[in-house]
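Structures given as structure tokens follow.
Both complexes below contain chain A, partnered by chain B and then by chain C.
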Partner chain A sequence: MSDESRQPKASRRAFLTGSLAAGGALAAVGAARAAGDPAILELPDWTTTLGEGVDANPYGMPSEYEAHVVRRNVPWLTADPVSSVNFTPLHELDGIITPNGLCFERHHGGVAQVDPAQWRLMIHGLVETPLVFTLEDLKRFPRVNKVYFLECAANSGMEWRGAQLNGVQFTHGMIHNVMYTGVPLRTILEECGLKPAGKWMLAEGADAAAMTRSIPIEKALDDCMVAFKMNGEALRPEQGYPARLVVPGWEGNMWVKWLRRLEIGDKPWHHREETSKYTDLLPDGTARRFTWEMDAKSVITSPSPQAPITHGKGRTVITGIAWSGRGTIRRVDVSLDGGRNWLPARLDGPSFDKSIHRFYHEFDWDGRPLYLQSRAIDSTGYVQPTKDALRSVRGVNSIYHNNGIQTWYVNENGEAENVEVS
Partner chain B sequence: MSRFPELGLILALAAGLQAAPASAGPLGLGRPATPDEIAAWDIDVRPDGVGLPEGRGGVAEGEELYSDNCAVCHGDFGEAVGRWPVLAGGQGTLTADRPIKTIGSYWPYLSTVYDYVHRAMPFGAAQSLSNDEVYAITAYLLYLNDLVDEDFVLSRENFLSVRLPNEPNFKDDDRLQTETFVFDEPCMKDCKPGEPTITMRAAVLDVTPEGDGEGSLE
Partner chain C sequence: MSDESRQPKASRRAFLTGSLAAGGALAAVGAARAAGDPAILELPDWTTTLGEGVDANPYGMPSEYEAHVVRRNVPWLTADPVSSVNFTPLHELDGIITPNGLCFERHHGGVAQVDPAQWRLMIHGLVETPLVFTLEDLKRFPRVNKVYFLECAANSGMEWRGAQLNGVQFTHGMIHNVMYTGVPLRTILEECGLKPAGKWMLAEGADAAAMTRSIPIEKALDDCMVAFKMNGEALRPEQGYPARLVVPGWEGNMWVKWLRRLEIGDKPWHHREETSKYTDLLPDGTARRFTWEMDAKSVITSPSPQAPITHGKGRTVITGIAWSGRGTIRRVDVSLDGGRNWLPARLDGPSFDKSIHRFYHEFDWDGRPLYLQSRAIDSTGYVQPTKDALRSVRGVNSIYHNNGIQTWYVNENGEAENVEVS
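The block that comes next holds the complex of A and B.
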């Protein structure tokens, strides 16, 4: 195998030049040569030469042509990348599972690089026996596998005052959906023996923010997990390696990463992330606290500003995602005319509790402008509201829990834009 | 550790741990936490004062500690440098167009200040301050918010006597009780009159990355 064939970039250049030359020749010779697509008529390098061997990438990477599919950050949002956020490229994804390397990141003190041999989980407070577990201990409990979405409560928070960011990655990308492997928290707490006075649990991380959140014990015993795998492999460091808390359907900040400690108490702690932050300021100056559940929400991921329609009129696929912190998604409606008329979309793929659902709407586009919206209805009958309905109660300063209906304007050329419509 | 079981044992013995008895739980997993281990990690403080350590510190010491450790990001008066968080002022702005949420204007409990400064600040040197230093800085943050005088000294003993002004303005989540329109039957046809008109475009603001915009994420 030549050195060149080991370098995909070089061979791609060679192919492009080659096909241009072939195109020229085709025009000059006219009907003397077979007419058609050079992608068919000319054999590309990847057909005529050998590819890389099995060990070229011991940990596989996406195609080089997918290099633009990455998490992106909005630098002006925060003072420092160590306490910041980046966003999942939703416009490039399909199905319901988010690949591990594309799950958005939000940390408050950078990514802790925890040595799994030094990792400990301590459980104490109102328990019969305060216990310490190693990672090995954790893996000796019975495990479960569950697909859950994790959405930051501030997802879409920049859009309260109106359309601000041109891309579903930025307006809705603080969400991911992965399969977790871990231990039901109930089983671990039972190992310590809960005292009846224990009504609340404080979860704490081992990172430089020592993130803490208070969680009611009913939730802890219901469906929370301590997870050590995501999509089959170890948690990524930025997702809390080696173990994180999973708090299904509730705001992402509570899913404490690099989990080190669970304390059982009789009252909530009212820590910084449940007072200064993650409380929702209302127009009268009062604020809601403990707004844990993520309301039903949906968004069209394609077309969208980063994923325009490039094929012109005719057969067109609209796709998007929907989720609810209270259950499954019963139905998603799509509107092409800014909410005047709605059609039920086609849900496809597995429907799991508190997981992302995928929807499609296929239609013949006549080339006229579209005002695309989607509306989720969950298994409790909750209907995703309009942004204006939310603003009428909450004003524009509550930052968190903006689950209003998103509008993409698609012009005659298929370019899409983040807008609000009347 | 599992690859070097003997080393783990030596380390455990060196640390003065007894051969760990199995837990009394139904699966026999984990081992009891020692009181010293719990003390080492149990740093949380609650509004009722549970978790506060022994210690005291006054506004004067706090001012010096704050200037040395905090002002570079949060500003000499808690007004913040650049986009770092604002810690003081903002009283009376919660109903304004642009509310300023600080310890004095928004936070409900002083215990949260003590707890957070100790666990996470100074940013990049978490848990480096002594108990007395955290009391002193907490006293100084109260002073910067016009809540105590310059000769105030904060300690575990008088901690609960300080209340933050915005405490009464928090209420538990009532979204499903007050926003009942979310359970209305959704309209499917002719839901709005006329043609759609665009009332706002993100392109006008032009703050999508690489742009320089206004806004905040907390």
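The block that comes next holds the complex of A and C.
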């Protein structure tokens, strides 16, 4: 251990003295005693009384003090909650894993409650041998484990026409990042034997919406999976229990849940979810189709409207997430002044292909207003654009694929707001 | 895409035909129709009726069909559930992440329900400036994200005197593997300024047991963390909410939960948890002390007594976990015949320092009895020993640090049992 490590950090000390003066709470023990801090002068109930035993919670839940950390929906956003969305509370999360209970939900016919004993996956069409798989059959093939983000194509969609929803949970919360266990789709398709004419695959769900999407066979044979576990345990019902399609880096709608059928064909099926929906309406009235890959994107999750700065000036931690449907995140830049000046953020935690990455920027806040932005650069060199740059190309008719740079205005009191800067 | 990938796998087909004949369910569509499989001939309720909406479950839970996947305790193991343990259902998990709700619990005075607003961390003793931290103070320091296993020193302890508990959940379930977000302990100690005489650190919990352990300052300054998040969300109450000590690779008892005090001293404190407990009683009546590092270990989680083979002979997947307190896992070997012959297992998923690793072995089961074993080799070259090898050195008085090779006997029906082979 270095001698350096044994010495107090004078600069940082000054820092905290400053923050203390400004209302920060870090206190010398003597000062805390003098201030009569009950937290160090009195023994709390949880120290003087026995707590619950190991038989109390067979499946554990968060602390009652975290009851506000939940998925939230916006009732006016859709006509009915059975064909709607709720949002991941990004402002309360850290690291890169989204807990299963907080992964946003999007379904078009409500959550299918599938009996795993009755679940079947049928593969037919342009294959040598059409097959029907039970869940047990699926689990007899070699498995892989991969961490991938799933982002709804409509994430941040409300922002095309300007700052709308005031909270990162609502502007960017249609994303989660999970470790999947499943079987490579390639293995299953090879089991059936693809015919040379097979160029496209139709994936169909067993829910009341019978969600169906056309997927090019090249993607199906590349990195797609049929997953039956997320973050170690069985898929959650709202995420497609007992098995879903995983389509890494591509829009969430294609990750068909409650998967029941894969048909191999020679052309796309042009179903509702790839014609009237999940296409980008351009200014001239034409539409971009098959815009599957999610472009590189990032957002600061704290501070943000739901996570204001409450400690006053002094040392402040900015954190956020970045991801790309085309690979890993090479760099994230952070701006405190609405994009005039950029500073490289500190990336921390695992870097996986097509996964969320976590970034931080620590700085000494002087208490003046901030215009916070983040900008992701992915492994292909692609740089996350401004919202205006996107609008100049795509107009404002679309509700999909908005990966523009987000701005949070932070006032002198540390309160944050969703704004736009030009 | 290669032409090869378009062709059926004749060998594998034969394989499955074999398994079909032996009761495996993978069926050609025609055969399934002929067999009148209702799962493909009738539309299930979850396809014909709308499911729950996005406002139904703000914090999601597993499917009702997974209600058996829970932590379980063994009532006769301890006098009272408030000073006891429950076990992670390893046989139902895959990948390397343990979901927060299934992480085993071990506490000595029940679960402390700590109010985060009242939580304080006091650091005193041989430091330049004793300090009291609030949770907000803690969150103003630079954070790191790391995946580590936590194993109780008593995991597999019942096995010292022979095969006892019939299920991997009970023989090896005192372990979990989580991504932590927190502040390096070194950062916090530097904030106070360590005095040169400071050689040891006492960590104390705020629970009714006031758990206390002595930790060498070198470890404290190396890779320890004060963590406030696990798998992205706040620590769970039973895991030390709002903050716990993370002591990578060392026995779980040292990872003090509900952390309230760190004292720097010049020698260990010789508290109860490091004298009468968490020491290894040897045949000659002396005891090994300060045996902190968890040696390399592995176990097959499926098939196992709670996860029998139900599909009959044919293609079979063996899976399990391996870990080491001294680094990563370089290799895992699997034996089907009680250790006479060894085959290298397939490692899959991320490999992190002091984290659980996932391994698989796929083979064609001929239906004859198996004696399944796994053997871990870590990045230091250490090879997991047999139970007998451990006993020859340490006898059978200890209840701690049993990392011996586990054997599962699998009979002709696929049922598994905890046994020992010599």
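Definition applied: the second predicted complex is superposed on the first by the 386 of 422 C-alpha atoms of A that agree within 3 Å, B and C clash if a C-alpha of one lies under 4 Å from a C-alpha of the other, contacts with A are read in each partner's own complex, and residues count from 1 in each chain.
Everything that follows uses one rule, which is that a residue touches a chain if its C-beta (ideal position, glycine included) is under 8 Å from a C-beta of that chain, and two chains touch if they have at least 3 such contacts.
Predicted, not measured: the structure shown is a model, and the values here were computed from it.
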{"item": "First, second, both or neither for A:347, with chain B first and chain C second", "value": "neither"}
{"item": "First, second, both or neither for A:41, with chain B first and chain C second", "value": "neither"}
{"item": "Touching partner for A:193 - first (chain B), second (chain C), both, neither", "value": "both"}
{"item": "Partner chain(s) touched by A:382 [first = chain B, second = chain C, both, neither]", "value": "first"}
{"item": "Partner chain in contact with A:112 - chain B first, chain C second, else both or neither", "value": "second"}
{"item": "Which of chain B and chain C A:145 touches, first, second, both or neither", "value": "second"}
{"item": "A:129 touches, of chain B and chain C: first, second, both or neither?", "value": "both"}
{"item": "Shared chain A contacts, counted only where both chain B and chain C touch the same residue", "value": "72-73, 75, 80, 82, 85, 109, 122, 124, 128-134, 136-137, 140-141, 190-193, 208, 210"}
{"item": "Residue ranges of chain B in contact with chain A within the complex", "value": "1-2, 23-27, 29-33, 37-38, 41-48, 50, 73, 82-85, 94-95, 98-99, 101, 103, 106-109, 111-112, 115-116, 119-120, 123-124, 126-127, 169-175, 178-179, 181-184, 186-192, 196-203, 205, 207-209, 211-213, 215-218"}
{"item": "Interfacial residue positions of chain A with respect to chain B in the complex", "value": "72-80, 82-83, 85, 108-109, 117, 122-124, 128-134, 136-137, 140-141, 154, 157-158, 162-167, 170, 187, 190-193, 202, 204, 208-210, 212, 260-261, 263, 265, 267, 269-272, 275-277, 279, 281, 283-293, 295, 305, 333, 337-343, 371, 375, 377, 381-385, 389-390, 393, 397, 399, 401, 409, 417-422"}
